[in-house]
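Two complexes come next, and they have one chain in common, chain A, joined by chain B in the first and chain C in the second.
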Partner chain A sequence: MKKLKFVIPILVVVFCSLGFMLAPNNPYAMDAAHKFASFSADYPFGTDQYGRCEFSRILYGGQVTLGIVVVGAAIVLLIGTVIGLFLGRMSTGKSLLFNSLLDAVTAIPPLAYLIIFVGIWGNSIPTMLVALTVSLILRMIKLSKTQTEIELGKAYVLCAISSGASKMRILFVHVLPNMIRSLIHFLCLSCAEMIMSISAFSFIGLNLGDDVIDWGSMLQESRTVYSVRSSLLYFPILFIFICTLAFNLIARQMEGGEENA
Partner chain B sequence: MSTKKFIIQKIIQLILALLFVTAITFILMRLSPIDAAEAYARRSFRVSTEEIEIIREQMGLKKPLVIQYTNWLKDALRLDFGKSLVNNRDVFTEIVGAGKITGLIVLLSTVIQAVGALIIGGITYLTRHNLIGKALRFLAIAAISIPAFYLATAFIDIAAVKWGLIGVAGNTGLMRYFPAALCLAVGGIAFFGQLIEKAIDQAMNEDSILYARCRGLSERYIVVRYAVPQAVISIIPTFMQMMGMCMAGSAIVENIFSLPGLGYLIIESLIDRDLPIIFATVLYLAFALVLFNILADIVQRILLKEQKEGMVKF
Partner chain C sequence: MLEVRNLAVHTLNGKMLLDDISFIARPGICAGITGPSGSGKTTLLKAILGVSDGNVLVNHGEILLDDSNLLKRSAVERRNLCGTDLGFIPQNPMTAFNVYFTIGAQMSETFQKRLGLCKKDAKQLSIDTLKKVNLPDTDRVYAAYPNQLSGGMLQRITLAVLIGLNPKYVFADEPTSALDEVNKQYFLIEQLERLKKNNSAVVLVSHDDQLLQKLCDEIIVLQNGKLIEEGRADMIFSNPANEWTREFVTLSNFQKKGTWIWNKSQ
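Right after this comes the complex of A and B.
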């Protein structure tokens, strides 16, 4: 049961991000004869106002929306954690200026960074990826640094040092496993927030590019034909909801597991 | 840490954050694929290359980035942010006007969140052993997962257009901002409801509660009278940080409800490449965000101090 709660959300995320391989139709192919087709074996979710397969579009949209989030999160986890570890290790000279800088930079929420980046560079997949990585990596570094400082003060580190473990071994073999849960917890919550933010930007008209399919722009397009076929509106929102929920559930498992361990 | 050092650190933090954010805006603007002078020229239908060059000269875009930045900083210190390139209005007055609207939305949303979270958190705690509590917990996670922008559109589609309950454009006063504030608050209610429930649970394990139980007080009375105040105090710092987040979050909701707040202004000016407004709004937003954060730190510090001295009284 415990494992199931953990595996299902991960499977959902994997399916939504890699589902485009299973797409039954070309998501760009317009077919005027099949406008607003209802559910059928050929078109599992029906078709939209241009006769494009809704199911395939959802899957391709997931590749874009979730792809940005997952790739960004992976970069943040890898680089942010390592930088944080080393900073935590070196913080013997806890400089007031450096700490203030880190505090100051992380005081601004990721969404604000996204607004600045997207606004100035125009929204596109690379911009979104850069903006997301930059805004999260700063928070990740701070979290990882604080956690490292806390862990380094604990007794087991002393034991490790006295049994001759090298600095690298202490950081990566002893300290890292003890804080990885809270790092992933933070990252999953951020991912959930990011899915919503990315969709929100395409939804209010700053779309990721002319030919890019993503859930936010699908929502925006389907809103114009809401009165004709409302299900077109519900599919993207359902998938956004499911993915956000999945990330939130993983985060909760990470948090709960810590208490039980 | 002494109080003096604490205050100095917070001031340094505020200044650094503002410098960092404005510097990043300048650098990004320079790296931007869209040229501000060209965009301005296009808007006023003067598109020859020489004319664009002249405009670029006038806007000071030919000077090195550092000089542009320090010039802007000097003016900003005197609260002179220049004039809008689009409608030639004074940027400072524009921003103060928009800031009021965003402030109202955030304030309203904060009140809704505080009341809602208290009620939801309390009910979840009291029903934690039965099915209602479990359902509420799942609902809370589900509510966090619904994007605010979708709630906003659903609200417009259903409440305003279908039922004709509320004219989206016609309302004046607070009611005009209420829908936006409500949509913004749903996630917060769920999130803080969970936090309050956890905090109540923690508070219920303390010795003072044991004493209250020994006095024969009813469980519900203990929760409301003793545990809830303690829980509320413990989440105040997080709650204040959230107020800052709300300011950024309201940018998107404002756009959907077409409320001329800060978020609306910033997105509008970003589309128009209106440099003076962009820089000033970014500065204003960062200032507000960092200020809320610092306030949260101060409150937390005061609470910690009082706890140490054993002075927390309800």
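Right after this comes the complex of A and C.
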């Protein structure tokens, strides 16, 4: 049962990010003859106002949205953790400088970073990725640095040193496994946040570029035809909801596991 | 021979922790360090091992290991001495292990890294040493996580690691704090005496008068970071010079004569 709670959200995320391989139709193919088609074997979720397959568009949108989220999360986890580990090991004098710097930079909310980067480089997938990664990586560094400091203060580290473990060994073999849970917990919550940010930004028109399908821009397009076919609006919302929920559930499992350990 | 000469330790903001400490640990001899809580006993051990806290400065004196000053060596060189030359039994066994790994994994890892053993030999050595410290339920202990074992068991495991490493100098920081009387008497004392016979130098930090009397050849007494008394163990116990030592000896004599009365709660 406990495993199931963990596996189902992961399966949901994997399906949403890799589902485009199963797409029944070309998501870009317009077909004026099949405008607003209702649910059928050819078009499982029907078609939109240009006759494009809604199901295929949802799956391709998932690839874009979750692709950004997964790549961003991987970068944040790798770089953020390593920098945090090294900063956490620093002596108090040097770390005071980094502490104040981190405090200053993380005081700016993530949305503000997005607006700054989109304002500079215009809207595209790389911009979105950079903006999301930058704001999250700083938080990740802060978290991993604090966790490292806590772990390094514990007696087992002292014992490891006194039996001759090297600095790198202590950081990566002893400290890292002890804090990885809380880092992944944080990361999953950030992933949910990232999905919301990406969707919200493309909904208000700062989309990821012309011709890029994502759930936010699908919402934006179907908003105008809400009275004709409301299901076009509900499907993207449903998928945004499911993915956000999945990431939150994974985070919760991470948190719950810690209590049992 | 390990010789500490005029060692002084301060915190970063100038508070004195240890002042002008000198003592010698010779092979085959057990030196006891005692003194009230907060007198700097653990600080002294940490300074010798080079694992002092970040806000502590070792700013005066020398620690000579076979006539070469440890304080002049690099951190990497000093760490390489730890485990093989300088062994440490930590004060609080409950926090001495990484809760993320099993006891066996941590013991084998230490033996593999420090003694250069292969995986199989390291496991065998771990099991042998666990048996030596009266943990006959070896398979369970080997596969257990630290939080599944009691403080006394973990304390014996720290001793097992030390026996396996067989260092030339053993620094035991209150090795009996979590042990019951039987284990203390038979196993800890026996094992430490075996180390002594193997020509290791044992430095024992303890408040335990029985342990000090049984094991130690020499005793130094610290108070407020100063060395207030030193001498042979029997001399200290028969003829204590300092006020704190006198009280310590009086209390230990009380217990021996059986006049120490425990008021059982109803």
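By our rule, the second predicted complex is superposed on the first by the 256 of 261 C-alpha atoms of A that agree within 3 Å, B and C clash if a C-alpha of one lies under 4 Å from a C-alpha of the other, contacts with A are read in each partner's own complex, and residues count from 1 in each chain.
The rule we apply is simple: a contact is a pair of C-beta atoms (placed from the backbone, for glycine too) under 8 Å apart; a residue touches a chain by one contact, two chains touch by 3 or more.
Not measured: the values here are computed from a predicted model.
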Between chain B and chain C, more extensive residue contact with chain A: B
Partner chain in contact with A:Ile83 - chain B first, chain C second, else both or neither: neither
Contacts of A:His174 with chain B and chain C, given as first, second, both or neither: second
Which superposed partner A:Val70 touches (first chain B, second chain C, both, neither): neither
First (chain B), second (chain C), both or neither touched by A:Leu129: neither
Chain B versus chain C as contact partner of A:Ala23, first or second or both or neither: neither
Partner chain in contact with A:Phe203 - chain B first, chain C second, else both or neither: first
Touching partner for A:Lys154 - first (chain B), second (chain C), both, neither: second
Chain B and chain C footprints on chain A, overlapping residues: none
In the complex with chain B, residue positions of chain A that touch it: 96-97, 99-101, 103-105, 107-109, 111-112, 115-122, 192, 196-197, 199-201, 203-204, 206, 219, 223, 226, 237, 240-241, 244-245, 248-249, 252
Touching residues (chain side chain A, partner chain C) in the complex: 91-92, 154-156, 158-166, 169, 174, 177-178, 261
Chain B residues touching chain A - in the complex, by the definition given at the top: 9, 12-14, 16-17, 20-21, 24-25, 28-29, 31-34, 141-142, 144-150, 153, 157, 244-245, 248-249, 251-252, 255-256, 263, 266-267, 270, 278, 282, 285-286, 289-290, 293-294
Contact set on chain C toward chain A in their complex: 12, 46, 49, 51, 54-55, 76, 79-84, 86-88, 90, 92, 95-101, 110, 113-114, 158, 161, 165
